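Chain IDs A, B, C and D follow the sequence of writing; residue 1 opens each chain.
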């Protein structure tokens, strides 16, 4: 893990509220890891913001992020050539070396971001990708090369199936389910997986201050005691946390 | 006086530390007036920064500013097309309609900025322009069309005469002296003018919170009692304040 | 939707310009329509005119402001002649803020003011910058109660008492003011803070300590408002660092009937208009008939009326 | 140039990582060379392990942070076995921070720790988040003096007592701790603050109130350090919102012998290294032989030694 200043190579708007940023760095994060990002000095929010790795190739790391508040709004205003303060790669990702066979990757909203890199990194698996959005999908082309099938659900029904992404498939048909999205969606999915014996990994979200395991601000209760989402997660085995 | 959001038309670097910004606005400030500038939202310094009018033409206002700390550094990062929050024009400028005859305009450092617009606005006067800088002059071309003579002094002697700008001339040779610069320089000059009977106007600087006369943070003691530099000044008759 | 009643006075909305940050309204009247405000609290007055403190008077900190104005003001008489008429025509409720350096100066000030036409008297027993600010009175329940009782006896306007966050027993002071006849309370005034000029190796302010305000202090001010609202039954006006509608709503949910906005106006002159508009949007979005419905909603111990 | 002596312990420089913001040093050791620090204060320990508080634990405010960690820690015994060895090898002075919910738990904790190898014991009588944090002890001079005296009698390490800015009579508490045998004081711990979630109409934290820190609080913390340094003779370690060398130098000029840095490390993990470098630059630029020369320079009432 490092704390560095890196050059932004690209920061482009993808939808109304979603941006993609490419940053120069030689580190090779694991799928599911994240960085703490700060694109402002003392002027701007106090804390850095956790953003998952959406792609990485040994020279660059790509982030896909949604503008929600001040921090992400400031990130969206940065331009190619400017510097970004990065701390990471942080946390433990999806143990993809253990994942084999039929895999469902399931995302809700911007939880899509880390799962791009996950889908790309899975080896020797048949991957189906299920993605839920509010109204419209974005950046699906990033995953298409790596998966067998993509199915979309939207809240509004404007694209794909109207309703929950979890209604698109039966977890029992898969050996593994890997998911990132709203807590309620993940909880429902995790319980379904546990009921049918499918191994399920979830990527949790918590408000974070340090992002490295020092402040104990992101603790969650697990079967193995209190764990830091930032350092011991964000990825956990479903039965550890639900 | 108004509080508006205005479009930045230009923001260019003039020297290592000095920038020029042109903003779209139809207001016609008086020479010596200033605006409170804020080029950031809630992220950035709490308060706006006072910057004098360096030029104005009824369509635009130009600022010339030196990067000293956080606020001015953030201003320097704004780009054409972005918005600036402006409150002003604030204060009372140089009473130029009363200024006649032989006039010395005397500036120290970035105190040069307001005096460009002053020199341009003086009518029916013979104007000599004396400017002091640390190492090198800048933007003298802005005043050249409006004055008879320009003389420069620098602290280092790298350009013009080495030493104080006040050593470049004798106030007794002038009917009016108009000045903006460091407090010590203005005080010295004001006293010399008072000694020889030359009318002298000085533009004071104070830390400001509101810039409009509401907080009483910028009060100075004058012969006419407590005055706000922001509202009753920044320009005062020398004998009122020294 | 935003109309608010405070001690029998009707405010258009619960947003009041805080004392010392809005002069007597004239300056900002040039910039925006001040009749849209719920109320305006005047610059803090004293019986005699005051020049205020020497040296630096304002200093910016991270999301905050330290001031050492020291109650510069024209004195009660000049105010009545020269500034009150403007405030009366402002269209906002008129609140007169009064400080004093001893009981006598408070009482003489009240005597002069009582016959004038305005809505509320805000008794400042909490300015940390000068003895005349009365913070000495605001620090202890007994002294606070005493001055409030004496003023109450001579004042026929609704009486709001402004409390100091520097009081060791703030809730005790609040209860004592209620007991002594205050109609409502406003809190907080500025926190005692300081700054050091490391190049001159000296405190920035001639007085060493000065008053600290702005968004930085909000979490502490909100906690104090919450605590006081769980103790007193009279209405509370909350302030301290409010700069957005969300902030103002948080204070109201803690139990404040109305709010004041100070430093935020320096940062953006029209901040209060945005707060008023934001409150209205919030009511619509949350389907609230009236902003008053949320007063105390987040404070199970809230003892006031809605 | 920066070497500092604190109660007989030699620090490479006056910059110490504040308790609860640096774990036991392991996490940040992956990011930078922690042996460059003057000292590290451990996460606050309690005799028994604690899970800490439920619900939200961190909330960002304007230039500040509110936390409700609630002293999550492995307990003294597990600390001695699993974490102390790492701290001992860190290369920085080792400070062990200890909280307690009653006198007995403090004393048992001290008993277990006293025979271990570390430099200073920091007695936390000021955590506002839990009873176990001991803020109850830190609020009054008498109770503070009592716990310090009892701990002093059983502790052979230099004893630093960490004070709460929430104490109504902070200077009284400081004097009482000195009297009871504290070798030095550290202040401030977090301020009691709160936040409200206006969409859920509830306080953000399950405990309602939580601890407020970061650059926002600096002006108040600095004032408190200045006041305490004008009262006590023992060394003071200043903290509260420090995020730059200028900030740290201001605390030292107020009278602090050393400083601690907490929240700023979250904002930028290497903040303390920049502060150390900045202090060195300041010494050179101002031609100071030693950073200690500025201690108390801006505080005419400073009663300590340089």
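The working rule: contacts are C-beta pairs under 8 Å (C-beta built on N, C-alpha and C of every residue); 3 or more make two chains touch, one makes a residue touch a chain.
According to UniProt, the chain labels map to these proteins: A, B = Dihydroorotate dehydrogenase B (NAD(+)), electron transfer subunit; C, D = Dihydroorotate dehydrogenase.
Bear in mind that the values here come from a model prediction, so they are computed numbers and not experimental data.
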Study note, to complete from the structure: Looking at Cα centroids only, farthest away from subunit A lies chain B
Practice item. Quick one: report the Å distance separating subunit B from subunit D, using the average Cα coordinate of each chain. Key: 46
Study note, to complete from the structure: Rounded to the nearest Å, the gap separating the Cα centres of subunit A and subunit D is 36
**Study point:** Two or more partner chains touched - positions in subunit D
**Key:** 62-64, 214-215, 243
Review point. Subunit B: which residues touch two or more other chains?
Key: 42, 45
Practice item. Determine the shape of the graph in which chains are vertices and touching pairs are edges (line, ring, star, complete, other). Key: ring
Review point. Between which chains is there touch?
Key: A-B, A-D, B-C, C-D
Check your understanding: Which of the residues in subunit D end up touching subunit A in this complex?
Key -> 20-23, 26-28, 30-32, 43, 51-52, 56-60, 63-65, 67, 69, 72, 214-215, 243-244, 263, 265-270
Point to revise | subunit D-touching residues of subunit C, taken from the complex the two chains share | key: 61-64, 66, 168-169, 191-198, 201-203, 208-209, 212, 214-220, 222-223, 226, 241, 243, 246, 249-250, 253-254, 282, 294, 297-298
Exercise for review: Name, in rising order, each residue of subunit B that touches subunit A in their complex.
Suggested key: 40-45, 70, 74
Check your understanding: Which of the residues in subunit B end up touching subunit C in this complex?
Key -> 1-3, 38, 42, 45-48, 85, 87, 207-219, 221, 226, 231
